[in-house]
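Following this line, the structures themselves.
Consider the two complexes below, in which chain A is the common component and chain B and chain C are the respective partners.
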Partner chain A sequence: MPENLLEVNNLKTYFFTRSGVVKAVDDVSFTMRPGEALGVVGESGSGKSVTALSIIRLVASPPGKIVGGEILFNGENILEKNNDEMTELRGSKISMVFQDPMTSLNPVFTIGYQIAETVKRHRKGISNDQAWQRAVEMLDLVRIPDARRRAKSYPHEFSGGMRQRVMIAIALACNPQLLIADEPTTALDVTIQAQILELMKGLAKEFGTALMLITHDLGVVAGTCEHVIVMYAGHIVESAPVRQIFQTPAHPYTIGLLQSIPRLDEKRGTRLTPIPGQPPDLSREIIGCPYAPRCPRVQPRCRQERPELKPVGRGEQLAACFYPS
Partner chain B sequence: MIQFLIKRLIGLVFVVIGVTFITFIMGYFAPGDPIRTMLGEHFSPQLYAQLRHAYGLDLPWYEQYWNFLVHLAHFDFGYSFKTQGRPVWDILKDGVPVSMELALWALVIYLLIGVPVGIISALKANTWVDTLNMGIMLVLYAMPIFVFCVLVQVLIVFIDQETGANWPVANWGEPWHYTWTDIQFKLAPVLVFGLAGAAYFARITRTSMLEVMRQDYIRTARAKGLPERLVIYRHALRNALIPLITVTGVTLGFTITGAFLIENIFNIPGIGTITVSSVLDRDYPVIQATAVLLAIGVVLGNLLADIAYTLVDPRIKLE
Partner chain C sequence: MAQQQMATSTATGTTLVEVKGLKVHFPIKGGLFNRTIAQVKAVDGVDLTIRRGETLGLVGESGCGKSTTGRAILQLIKPTAGSVKLNGVELTKLPPAELRKKRAEMQMIFQDPFGSLDPRFTVGQIIAEPLENFKRGNAREIREQVAHLLEVVGLNPYYVNRFPHEFSGGQRQRIGIARALALRPSFIVADEPVSALDVSIQAQVVNLLQDLQAEFGLTYLFVAHNLSVVKHISDRVAVMYLGRIVELAASEKLYELPLHPYTQALLSAIPVPDPEVEARRKRIILEGDVPSPVNPPPGCNFHPRCWKAQQICREVTPPLEEKERDHYVACHFPG
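On to the complex of A and B.
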């Protein structure tokens, strides 16, 4: 048994569009241990969702294509698996929860059916009744009240938060080793967000499932994850244990992100510091550090050479910056 | 459900009144005189006046219309002008089964050819398969139906001459009978009608299927590890067929009145042929009656579609 559950090495996922090649994920490497909770943070278009979809091999193709690197799951390269092997893996060993619970469930099937369907797909020789029992059990676990009756309801009879619970139930129904949650709370209102995160974290722990939580909200990561990856323009710019990200951020982009979050312990009237400018156009060749045009500490070298992800001398913390703080 | 049906049937009454009113007014004010058409060149003014009175045509239009409605309420469509006193229903009753037979078989072809072609095209979108399919379907759909009919007839005649076969190019056989002779009569018009409609169904199915395949729940189905076959036939198809129900319902509604052009060109004794000849003869009672049949057909077709919706889509409730 390899030590790492997931090992992504030099992953490159490009989109071949009419206006050029968009390098959505460009040379991304990271690892996850079994049961670990990893946060992937970045703004829209930073490549975090595409990284996730690459791992489960659901990048829309065309136009998307994984053009390089390897993804080792339990030591086996996912990119070398054929379609049948991939469908065996999806939903059983690796599952995914998506951003918008309102549209992620099929409107014409009952909730119970949609959970039981996954169970039936992956557990050989299970009867319809047993699969349905498992569905009810899962609904109970994600704290849908009156699960036995509600299993017979259709998605439109559920609120957004409830539907996301159902999505989590589907994802965890077969005890996966890895759960990828792509902005699972973005479409929900704030009070529900906390409940859903709490639930997901708790169940992942209970099931021994590793959790990859993708979000643009550092606050979400703080309470949920052990390790954080910060992505920018298709690259990982910083990778560190969650405590270090908040206490001693090394990359100027991470610092920028943290400064743009409102804090309770700040003096009233203090203005937030936004990051000026826009992320770069990924269909153009980027020379040097992709963050250089927006970086307050930019040096001439940053515009010529791309910094590698390197240790900054504080344990596990890595940053892709020539002048980390 | 019962309440819904009652509401719909009350609605039907108003639709029929509206449709008959419009056809009545148009017929009344259209140039031409049915009695003159009936009598020909030479007639006595006395006979003319007598006939006008017999058919109630000397009354003011609102009284004529009122009389028509009263008769209609007793399911009495009145008497034909053209055939001198034959009840309208007597003329129509032989046409209805013929037209329905033609249209129902055509509908079967729409569904059996149009829908699968649409699905295949959507799954192979923007490949040569899709382009070829949609190209053929576009030609079938765009070609005027009378051109299509005549092309098929010419083809049949050509084959007859070459092979010495004696395949008919017109007429219908016994309705709902399928001996070899009946099939020979029915095959060509059914195919023409069916293929033209199948082209339309194929295009709708393709669009709808492509739309559904982009939905988030399809991605969810894939993320669950379902094989592509189940993703398509279980998760996508059922959603993609929902818009087709409307189209099928409306098509079903038109089956009673048949296909005007196809019936005429193939000389099929259905409602379509009867309608066209009654318009040419200014046989108003027959025109009115076919309009009523069409209205009833469309309303019932839509009603069936609404009921079918609730069976397929749990989000829709009849109210």
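On to the complex of A and C.
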């Protein structure tokens, strides 16, 4: 078995729109070890969700298309698999939890039915009763009180937090090796967010599932992930173990992000340091470093050449910057 | 309920806004004759004073009534009961024409920078509209004021003839702020003004709001669910749960020593962007969800989720009382 569970090499996912080609993900490479919790951080439009959708091959096409690179899952290139093979893989080996728990469930089927359906799809020869049992077991696992009875409920009878638990139950029902969670708690209140994160962390550990957590909230990453990649304008600008991202950030964008968020434990009277300007328009050709127009440390070279993701001399920490901190 | 609160607040600074016993109940209609069959008690007895020049943060989870409170204070929603005074003038009893005049003094900044600007108006028209409505000068004077306002919020006056869709979310929020400032109000309700923005843009808008407050002596009611942002910008913070205020204190104090179990849980649930801190923190994980405001639990609203709940909590609603100087809490067993 290969050392890495997931290896993404030079992934390029473009969207071909009327107003031009949007390079949503442009030359992205990273790896995940089995059981690892990886955080993917970035602002809207940075390409983090498209990266995830590319891995599970759910990029809407057209207009989207994976135009280059490879995605090795257990050593096999996902991009070479046909639709049937992908359907087999999704839900059993790789599953995904989406942001919006309100629209991810089918309103006309019971919760239990929807979990059992996934189980039956991937476990040949399992009886209806056994699948239902598994559904109840999963609901119990994600701490839905009175699981046996609630399995017969419909999605509208559940609150947002409970629906997200159901989504996690469906995602984990077949013991996948990789769980991708795309902003799983963004639509939820903080006290519910804490419940869900705790649950995902615990279950991933229990089952040895690798977790790819996509979020814009650096706080969520700090408490949940072991390794973090920071994306900006379709590129990975920094990749490092979680402590290094927060203690010795190397890329000016990462530093800018950390300085621009108010912290609950900050001193009174601290002023935020915003990042000036806005992210670039991805449908236009970007020459040089995409962060150059907003970067406080920009040099002439940054406007001409694009920096590669390279080690900064602190172990596993990588940054795509000519002048990292 | 909290008579003492009023007394102390006025003692330490002059009061601009005074809210007493504010209630907003929305009827649920149904049945054979479309009668009112139940009430959503969105705001159920809120007392607040907002001091001149301060920022009062109002936090809580979705459905707790924080936005409704903000709107009811501005009389954008008619309160079911209670009194709202701005500069000593009772707003709830004002005739419409008088209230309209008062609106120049109190403005609102909305959450959604996409929905709150009319797409068919140019930026200039959007900002000029309140000035024209209140006849603040002739066409040339209004044009000058609009240009000045754009500059004040950090936009190039050159953009005056552009339409909202040509701007990013952060820029649109600046346009919304310019419009709110146009009539030189003394009081602004900002309802989740940065929630729809990306983190790097949030800081720009938060700083702008702080600069404007210093420049124009504004008083803010800052409504948001993000406690880190609220703590950053506010002098005092009020925590709402299911239509009531459960705790009110200076923002550092509330963070350092929350007295209400709900505030404690809320604070502990907020992730801090620092893995060292996160590893050390103890998290209070609340069980269950916020109950429905149609049938709020009797006694203390929070008792079904509270780990300290006793018999008295299920029966008697705790009043908002001053437990320490300038620190109000509605709990039978605070601390």
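Everything that follows uses one rule, which is that the second predicted complex is superposed on the first by the 323 of 325 C-alpha atoms of A that agree within 3 Å, B and C clash if a C-alpha of one lies under 4 Å from a C-alpha of the other, contacts with A are read in each partner's own complex, and residues count from 1 in each chain.
The definition used in the following text is that contacts are C-beta pairs under 8 Å (C-beta built on N, C-alpha and C of every residue); 3 or more make two chains touch, one makes a residue touch a chain.
Quantities reported herein were computed from a predicted structural model and do not represent experimental measurements.
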item	value
Overlay on chain A: chain C relative to chain B, clash or fit	fit
First, second, both or neither for A:90, with chain B first and chain C second	first
Partner chain(s) touched by A:40 [first = chain B, second = chain C, both, neither]	neither
First, second, both or neither for A:117, with chain B first and chain C second	first
Partner chain in contact with A:105 - chain B first, chain C second, else both or neither	first
First, second, both or neither for A:131, with chain B first and chain C second	neither
Chain touching more of chain A, residue-wise (chain B, chain C)	C
Smallest separation in angstrom, by C-alpha atoms, between chain B and chain C in the superposition	7
Residues on chain A lying within both footprints (that of chain B and that of chain C)	none
Residues on chain A engaged by chain B in the complex (per definition of touch)	56, 58, 83-84, 87-92, 95-96, 98, 100, 103-109, 117-118, 121-122, 154, 156, 167, 170
Interface residues, chain A side, partner chain C - complex	43-44, 159, 161-162, 189-195, 197-198, 216-223, 242-243, 246-247, 256-266, 268, 270-276, 278-279
Residues of chain B that touch chain A when the two form their complex	215-217, 219-228, 235, 238-239, 312-315
In the complex, chain C residues that touch chain A	61-62, 168, 170, 198-204, 206-207, 210, 225, 227-229, 231-233, 251-252, 255, 265-278, 281, 283, 285-286, 289-290
